[in-house]
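Each structure below is given as structure tokens.
Common to both upcoming complexes is subunit A, partnered first by subunit B, then by subunit C.
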Partner chain A sequence: MSKIVSVTGNHSASWAARTAIPAVIAAYPITPQTTIVEKIAEFVENGDLKSEYVRVESEHSAMAACIGASALGLRTFTATSSHGLALMHEMLHWAGRARLPVVMPVVNRSLGPPWNIWVDHSDSMAQRDTGWIQFYASNNQEVYDTVLMLFRLCEAPKVLLPGMVALDAYILSHTFTSIEVYDHEEITDFLPSYQAEHWKLDPKDPMATGNIAGPEYYYELSYAVHEGFEAARKMIPKVEADFKKHFGRFHGGFIDTYQCDDAEVIFIAMGTMGEEAQLAVEELRNEGIRAGSARLRVFRPFPAEQIQALANKAKAFVVVDRSLSYGHLGGAVTEIRSALYRGGQTIPVQGVIAGLGGRDVRYTDIKKLIHLGFDAADKGEVKPDIFYGLKR
Partner chain B sequence: MVTIKELPRDEYIELGHAACAGCGATIAIRHALKALGGNTILTVPACCMSVIQGLFPKNALHLPVLNTAFETAGAAASGIAAGLKFMGKDKDINVMAWAGDGGTYDIGIQALSGAAERQTNFIYTCYNNESYGNTGQQRSGATPYGAFSTTTPIIGKQEHRKPMARIMAEHGIPYTASISAAYPRLVFETYSKAKDVVGTRFIEVHAMCPTGWRCATWDSVKFGKLAVETGVWIMWEKEGDEWRFLGLSKRIAEGKIKRKPLMDYLKPQGRFRTLIKDPERVKEFERGINREWEILKKRVGC
Partner chain C sequence: MNLFEIRFHGRGGQGAVTGAKILGDATRLENKHFQAFAHYGAERRGAPVMAFTRVADETIRIHSYIYDPETIVILDETLLDIPSVQEGMNEDTFVVINTPQAPQEIKLKVKPKISTVDATTIALDVGILVAGIAVVNTIMLGAVARATSIVTIESVKKAIRKGLAELPEKVIETNVEAAQRAYNELQIGY
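Up next, the complex of A and B:
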């Protein structure tokens, strides 16, 4: 029976694994992800979860082991963060290009040096081009629900891609809230057990994967990965609608919008900052200021059309990145400006870098940032990208 | 010992594979797979076998093959083994990682050591051609002392190789063997034995490489045998807690035959051309070989 449990964001991910029953879980501890795999170990050892749990000696091996198991056509799961994700990078490409639907929560944390264990999106943003579907969650229930949705999406024959759900370190990973969780039997209509239809390692029907392919094939194989993403783009709304039908919850699709319909300035961020922004918008609305919040929930496939649709109504965007591509800007603002240029739209987009390495960004800060959007809308021009809160 | 005639006729690597002429690794995989049979899943990291199996969309191997990244053979095999266990097929299907010496001694040792420590149920083969053969003979942890490689181009390698099979045996795994592709019947027998052992099995096959060793392709097997006959390569196995020498190495250890002169092995191979000019370095080469013999004799107890 479904029940309400009081859990951290990390344990929400563990509970999702328990509900989905991956055949193989291979994982390695890293702060602040560790409690995900600790809880899973507890589920496995007390018999609540009948997965094979491989306690590998590194994150690189965690992904390689998931690739091995997924290549048998089985459901696989791991979790990581920060340096662990960076170490995995090579194998993220391998899972993506081999079309293996591994599902992985990533607890967003900064990269060193210096050692810093707090929230920062640099780890997952740097994996943009590895062939992984990327979702960013903003609350514990969304973490749980998105893991289940990702299995459904990633394992779909036309998609067959790995997927990650990112959750902010500590703000979600170690914060308790109540969430609704289900037994495996209650979700099988939405998420049946998995055995790949396509290629799999089977001695009865032997085939090889990944052997050398020259320039005459590689391009087409790359395009096939891209087609998988286009299939995912079509399927995400269907999966979310079906999830709502079964469980009554909807987290916003590609972009979780709040008060955007008549908003003059739309604030765009990812993760918990996107949820915090709703509070800022609410206060601004009380002051008679027409602000809106659009939480970018899916980063790959990138929702360019949805961004363009938002720009049709608004006068300006304020886009906050909790990561920095040194020498340029944040990842989200770059993508958003690109989408608008492609759509022929010219509204001002104020870029902001904020909250790196766990620096707090409060709804009061967000209110200030939204005001910058109104300045830009009034003047029709944008200030240079802002490093908000930088001490100099 | 099985006779040539008694070897199974089944072939799991087809004619038309892309190996160099005289490739020892190909002799090894052919006879290893004859022993394991078709109910086997292979995982292959970056190594000569990535090329030998042929170019997409064709493949010379008659088995399911997961090609994987350089350092991951032990980990990818761990995932396959775990998945088979989940499906209840772990007793019916063999899992074998087939890696070169670079992928084993160097970049892959972490994943391999982890897999062994976890008692992963699989066979790990290191076919050791003593350099990064696939990419044109760069120095590896398995390259012998004094040997030319493209990254030790003038002086030759200045360090001895690591005792990889012994390192794996000391993990406490149930079966370890060090054999040579020059003895295909022994290859077959070793894999036939390993097939029935449960747990991590590590088999290192000395794999002749005329391309890298700078010798005539038709002399490939001759040099494989010479490595054993001169005592440069030692064949042994550890089954449970028992260590024993194998084949000709056993007869050398028992004093039944004398090791052939080292120069018989070194002199004709182009890769030792610089080494053999310096008698002191040849002595150092020999010192490394003798040291390994003494350690192994202690393990075997003779």
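Up next, the complex of A and C:
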């Protein structure tokens, strides 16, 4: 039976693994991810989860183990963060291009030096081009639900891609709230067992994989990965609708919009900042200011059409990135401006960098940032991208 | 959003984080929503630590830090002099302190609503010790239930039983009784 448990965001991910029952789980510790695989170890030890729990010697090996297991046609899970994700980078490409539906929570943490263990989206944003579907969660229930949705999405025969759900370090990873969790039997209608129809390694039917493919083949195989993402784009709304039918919750699809229908300025952010923005919007609305919030929940496949639709109604966007591509801008604002240009739209987009390395961003800050959007809308010109809260 | 925010000050090993979580669970029993979290840094046994509980009647969409808590719980009176304890404190703040002193004897920069209880003596009396250190987190929750109206002592006791479920039954009941004793013995200075 479903039940309510008081858990951290990390343990929400562990509970989702317990519910989905991956055949193989690779585990390697890294702050602040460690408690995900630690809790899973406890589940396995107590007999609450029957999975092969593989303790490896590095994150690179964790992903390699997942690739091996997934290639056997098995449901596969691991979790990491920050430098661990960076060390996995090579293997991430391998999982993506081999079309292996590994599911992995990534606890969003900064990269060093200096050592900093707090929230920052730079780790997952840097894996944009590895062939992984990317979701960003804003609360613990969403972490749990998104892991289940990702297994369904990633294992779909037309998709067959790995997927990560990112959760903010400490703000979610180590914060307790109560969430609803299910027994495995309650979710099998929504998430049937994984059947690898496309290809799998089987000693009884030997085949080779990962061989050389020259210029005459490689391009087409890259395009096939792209087609997988386009299939995922079509399937995400269906998976979310089916999830809502079964469990009654909907987290917004590609973009979780709040009060956007008549908004003049729309605030766009990812992760928990995107949810807290709703409070800023509420207060501004009470002051008679027509603001809206659009939390970017899916980053790959990138929801360009949905961004364009929002720009049809709004006068300006304010986009906050909790990461920085040194020498240019934040990852989200770059994609959003690109989508608008392709759509022939010219509304001002105020880019903002904020909250790096765990620097707190409050809804009162978000209110100030939304006001910058009104400045841009009124004057039709955008200030250079802002480093909000930077002490110089 | 109508929020009620509590900040715990303790020393590493006193169970501030567990206390914040059990308080959250207690409010959950009264159909409230909660977050419980710690201020993570370089924790080590004996160092000053902070933990927080945020409570609301609806789903909590705020994720930033707590700056102006309605209630400040001080698990160790030797922390009274460190600056972070008095941050965000004003005349309306409930300040619940583990000390043998009466509320009138506590001197702070502002005059908040102080209440006091000698939780360490209670812990030593009933034997709530971990590695020789008196653990006062559950005891202080009894005091919080009396000092504020955020939660009832009945819910606190239920949440203690749930939160400590992995411990022996006798230890759990000792904690529950000690929380009730703190509730009864709390001196209220407002």
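The rule we apply is simple: the second predicted complex is superposed on the first by the 392 of 392 C-alpha atoms of A that agree within 3 Å, B and C clash if a C-alpha of one lies under 4 Å from a C-alpha of the other, contacts with A are read in each partner's own complex, and residues count from 1 in each chain.
Rule of thumb we're sticking to: a residue touches a chain if its C-beta (ideal position, glycine included) is under 8 Å from a C-beta of that chain, and two chains touch if they have at least 3 such contacts.
Since we're looking at a predicted model, the values are computed, not measured.
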When subunit B and subunit C are modelled together on subunit A, clash or fit: fit
Subunit B versus subunit C as contact partner of A:T272, first or second or both or neither: second
Of subunit C and subunit B, partner touching more subunit A residues: B
First, second, both or neither for A:L191, with subunit B first and subunit C second: neither
Included angle at subunit A between vectors to subunit C and subunit B, based on C-alpha centres and rounded to the nearest 10 degrees: 110
Subunit B versus subunit C as contact partner of A:D168, first or second or both or neither: second
After superposition on chain A, the shortest CA separation from subunit B to subunit C (Å): 30
Interface residues of subunit A shared between complexes with subunit B and subunit C: none
Residues on subunit A engaged by subunit B in the complex (per definition of touch): 23-24, 26, 51-52, 54-58, 60-62, 64-72, 74, 76, 90-91, 94, 200-203, 205-214, 217
Subunit C residues within the subunit A interface of the complex: 1, 20-21, 24-25, 28, 33-38, 40, 59-65, 67
For the subunit B and subunit A complex, residues of the former touching the latter: 38-41, 43, 50-51, 53-57, 59, 61-69, 71-72, 74-87, 93, 110-111, 113-114, 117-118
Subunit A residues within the subunit C interface of the complex: 4, 6, 32, 117-118, 138-139, 168, 170-172, 174-178, 272-273, 275-276, 278-279, 282, 360-363
